[in-house]
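What follows is a pair of complexes built around chain A, which joins chain B in one and chain C in the other.
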Partner chain A sequence: MATAAPTRRVESSSSWRLTDRIGLGLCWAAGLLLCLIAAGIVGYMAYRGLQYLRPHLLWERPLSDSDQSKSGGFFDPLVGTVALTVIGTAIALPVGVSTAVWLVEFGRPSWLARLVESGVEVIAGTPDIVLAIFGLVLFQQQIFALLSFQAEGNAVFGRSFLTAGTMLGLVALPFIVGSTREALQTIPRHVREASLALGKTRAATIRRVLLPAARPGIATGTVLGMGRIVGDTAIVVILLGATLQLQRVGGPPLIGDVRGTGSTLTSYVYNNSPAGEGNASEKAYAAAFVLLLVVIGLNLVAGRLGRRKVSWTS
Partner chain B sequence: MRKPWSDDRAERVLGAVACLVLATILGMVVFVFAKAWPSFSHNGLSWFGPAHDGTVDDQLTAIFNSPAQPDRYQYELGAFSLLWGTILTTAGAVVLGVAISVLSAIFIVEFAPPPVRRVMTPVIRLLAAVPSVIYGLIGILVMVPFVGNHVVSQERKQSVLYVVQLTGTSVLVAVLILTVMIVPIMVSIMADALRGVPRSWTEGAAALGVNRWRVMWTISVRASRPAFIAAIVLATARALGEAIMLSMVSGSQGFSPNPLDGVTFFLEPTRPLAATIVDNAEGLSVKPFGQTIYAFAAVLLVSTFFLSLAGWAAKQPLKRYGMGV
Partner chain C sequence: MDELTVPPIRRIDLGNDPRVVESNGHRPAAVVRRRRPARPAGHERMTLEGLGVAYAAKRAVRDVTLEVRAGEVLALIGPSGCGKTTLLRTLNRLTELTPSAVRSGRLTLDGEDVDTLEVTQLRRRVSMVFQQPNPFPMSVFDNVAYALREQASRRPRRADLREPVERALRRAGLWDEVAENLDHPALRLSGGQQQRLCIARALAATPEVLLLDEPCSALDPISTEVIEELIVQLASELAVVIVTHNMQQAHRIADRVAFMYLGELVELGTAEQIFGAPRQQRTRDYVSGSFG
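What follows is the complex of A and B.
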């Protein structure tokens, strides 16, 4: 969006009516208030985080102990956050990109396309807590027993990295669909026509021309979605079993781990705050600071990626 | 080399994935309502009314402790205080948030000097990105003790001690933090809409001698009203569904604050629906209790569904003059 020309002369507000000047003042107040709040949050979390964060916390495993000096660090939650982000993205990325490509490039019949479009919007609007307990009832069905742990008496536990990751994939999905769609829609018609004129099929055009061109948009959406996965708490608290350490289920190494339960930085912060059982605010501050850094980092990456737009000259 | 996909095959596969997304939503609605049905059918419309004897929390405990025989399950529930808590926090945050968002969107688009504008964009993005658990942590460790120790006086605590304890976990803190959480959503949509107002309209007004504030207020804001409504709807959905932060700061007590209490009203604890689900997640395996919890989720699902619908409808007029959001 082109902003105002640099030589624009700004009129003085001193000649305005009083009501207009009050409005202008309120605008300044609201804008500065937001800046202050943001600075306050980051500043306070940095102050507390640097006060309590010690390097050894990053690789010590958490232990349940009421004494804060003995309750260990948050290595397992860190691993949990990374694992969940990987699983969630691995599910959301292919599904999201396919949905967006279908919507933009095919979209027939059109009523179905409209339905899918509004469906994605419904997912974006659904509270994550509802997604969480929907995931619980879904994955406790017998056919999903493989995804989690099965107790005696055939009851399926329904809580594991795989089930939580799947639901978190749904959280990230609208971001990926949205940005992929937008990227595809900005590709001009003549690019598609040129590819088709060279004798490529539509499928090949999508794969060789459109997807590479849309890559910056897809990457932005993916990183934004990852930010949401990292920051999500409700699904993790309910669907990951909220065990302090990673608890593996029997089976081959990696598969047994992802079928097991664990915790992430968000659930660690929640459980160590006065609202949870741990009530160890020093640990909560330290973990929250790390979490904030991760989220800010992801947003910086998304901002950087978003700026790298392919420019089309016609 | 493997044979490349034909167009037909690509279309069918991609379409199938898109339908999978639809099927998931359908599955969600079906599963949640199937689970929730006993709670609704047993209580009828009194589900939405006030609790008959005792509080909602007493009723929830009774449901949790109901006998194991299916024919003796307890379902008795009047969830009014939870609904009231949801309405209070959501409405409070949205009203407060709309005022701040409209003003700061105008500020960003029109009045902020370029250096300030360059700061504002990342600030809004940052506020939107902070996880709710961090907002909750700041709320419960900083704001709640502050309100409990300095804002609520001893006399005020004494005056309502016979109904409820005032500890600082309150509607006030919940509304304030929720406002900060939903403002960035609204600001980014509103600022986009204000920027999308055709330049000829604002320049025409300016050429007639209208000052910049009047141009914004009478031309730009009016033209982007549909986008503003869409933004408000999105923010409302977000506020309704916020669970973790509210469960940390709102007091976790099924109490309905009474507006007739004056200032005390803002300092009384409450507990919205979404927070109730988080707080009681351990009890999901107890069958009647789990069904009650799913009933809460069903109410949230229906409300957000209608909000999505309203947001979609609100955006339609924008397409008429080519100001897509």
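What follows is the complex of A and C.
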């Protein structure tokens, strides 16, 4: 039997209708435009940042001076960013993972599960400025006096690392719930049953099999959430007290610090930039560049973690 | 081109072996039963009396009475949806994970009603291997050790678990292949090795009954052969119940075969009798390939 010579045919869009070809061209252009915008932002910030960033800025404390050569560095805002990220993540991680475990592994009654899902969506959709104002109203109540400090006349200040970190935890929470849920849902049912069939309880199955299997997903969501905390401004400006340096209040070390106020890289940029409230554009560019590096770094980490998923036979 | 023409399906009379239906008219190689170690006739491990399972309005298993004996392989065969997997999952009360499932009838393990046992205890004594190899995303060692540890606890320590883990891996015929790589991720093993690891995991807690739900259906023929050999060897130490779609497999490894159809137990007998001289018409039709 004669066999036809193998032919290689590649579909070409040159045979398409004109309108289809224009549509395809617009899709290309949209993608390229986004690349250009991203490259423009990073490139400009790198240019400006490298121009003004000096290593000593990273460990010098900021000083209040209108002369940029005397206003110090941004050590305190850097510490503030790290502290808020740690506090926010420490709150969001356990709450987010527990919520996702309940939704996927239990989720009954179903109306309650739907309610919880909507709750998470509402939090995800609430503008940060609304969360900030709500947080201020909430944490100025007497029962939350321990989270910040009480001024004379018993008024609760309501602004501190703890109160800002709590509200920033809410910003990170939807990312952690979402990615943990997705990770748990991809684990086939028979894997759960295999653990139960060995005489394990549901609790043991969740702790020893499901959560370790979902770890890459949990980590991805956590890092994305951290990126949001690092980049948030509204909550920091309103709930962190906006003091240039870290201001501790009375109390044991660390506790006194987190009950106190401070600033972060975002609020530092806002307060120094001519576009914001200050007139120290060199400091603002340098700090903004560092901020951008941190956020891009976190996103790269999230991308790497996301690739480590367990592949199951389903 | 003429060797490509397909001969018409013919049914040929081969004495009392109506199983043999081959499209090309050739007699297939006779099913070779796996050599089994000599063992005494086993006592009853589990008894099922009038067992039924319903999912809401659908009755998946109706009025099944049979016993599972130590030292033998019992195969459950039947077409898809006949209730054989549901019946298997009832034996370790895994059906209870489905909220709509309702069980009726009596089920005992060593004379004790399974409902009086703690479900975690029952499942350590009546262990199960699934259709898809499903090692947990941890090391080979930890997969087996997981079954030995107390619930979520990490105790006892690794050194104390070495011996039972090795014993379970040896019983599953996997030790020689993984002894050097106990700390490697289990999901990197081949499909056949993963399934033997799942068997090792199921054996670790030294169960009395081993349930297998189509354990070879996701495997290649060579891995299947290894696992079939293993099942026959294991049956000398415990009771094995296997669900299979594959009649040849049931014939090769089972001591007794239960044919189920539409949730009912149609016929129960030795493998020779079910495949050689089925008493019921429906069994005869099924094993001859008329339907299924």
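The rule we apply is simple: the second predicted complex is superposed on the first by the 300 of 314 C-alpha atoms of A that agree within 3 Å, B and C clash if a C-alpha of one lies under 4 Å from a C-alpha of the other, contacts with A are read in each partner's own complex, and residues count from 1 in each chain.
As a working rule, a residue touches a chain if its C-beta (ideal position, glycine included) is under 8 Å from a C-beta of that chain, and two chains touch if they have at least 3 such contacts.
In this text, all values refer to a predicted model and were calculated from it rather than measured experimentally.
Once both complexes are superposed on chain A, the partners chain B and chain C fit side by side without clashing. In the superposed pair of complexes, A:Val82 makes contact with neither chain B nor chain C. In the superposed model, A:Leu211 lies in contact with neither chain B nor chain C.
By the touch criterion stated above, A:Thr266 is placed in contact with chain B alone, chain C being left untouched.
Of the two partner chains placed by superposition, A:Ala145 touches none, neither chain B nor chain C. Seen from the CA centre of chain A, the centres of chain B and chain C span an angle of about 110°, rounded to a multiple of 10.
In the superposition on chain A, contact is made by A:Ala197 with chain C only, not with chain B.
Of the two partner chains placed around the shared chain by superposition, neither chain B nor chain C is touched by A:Ile255. Of the two partner chains placed by the overlay, neither chain B nor chain C lies in contact with A:Leu293. When chain B and chain C are set side by side, the one touching more residues of chain A is B.
By the touch criterion stated above, A:Ser281 is placed in contact with chain B alone, chain C being left untouched.
Of all Cα pairs linking chain B with chain C in the superposition, the shortest spans 7 Å. Residue overlap on chain A between the chain B contacts of one complex and the chain C contacts of the other covers 1, 201, 203-204. The residues of chain A lying in touch with chain C in their complex are 1, 188, 190-191, 193-201, 203-204, 207-209, 212-213, 310-314. Touching chain A in their complex are the following residues of chain C: 1, 92, 94, 97, 120-124, 127-128, 130-134, 136-138, 146-147, 151-152, 187, 191, 194, 198, 201-202, 205, 218. If you check the complex, the residues on chain B that touch chain A are 4-7, 9-11, 13-15, 17-22, 24-25, 27-28, 31-32, 35, 99-101, 103-104, 106-108, 111-112, 114, 116, 119-120, 122-127, 129-134, 136-138, 140-142, 180, 183, 187, 195, 211-214, 217, 234, 237, 240-244, 247-248, 252, 274, 277-278, 281, 284, 293-294, 297, 300-301, 304-305, 307-308, 311-312.
Partner chain B is touched in their complex by these residues of chain A: 1, 3, 11, 13, 15-16, 20-21, 23-24, 26-31, 33-35, 37-38, 41-42, 44-45, 94-95, 98-99, 101-103, 105-106, 108, 112-113, 115-116, 118-131, 133-134, 136-138, 170, 173, 201-204, 206, 227, 230-234, 237-238, 266, 269-270, 273-275, 281, 284-285, 288, 291-292, 295-296, 298-299, 303.
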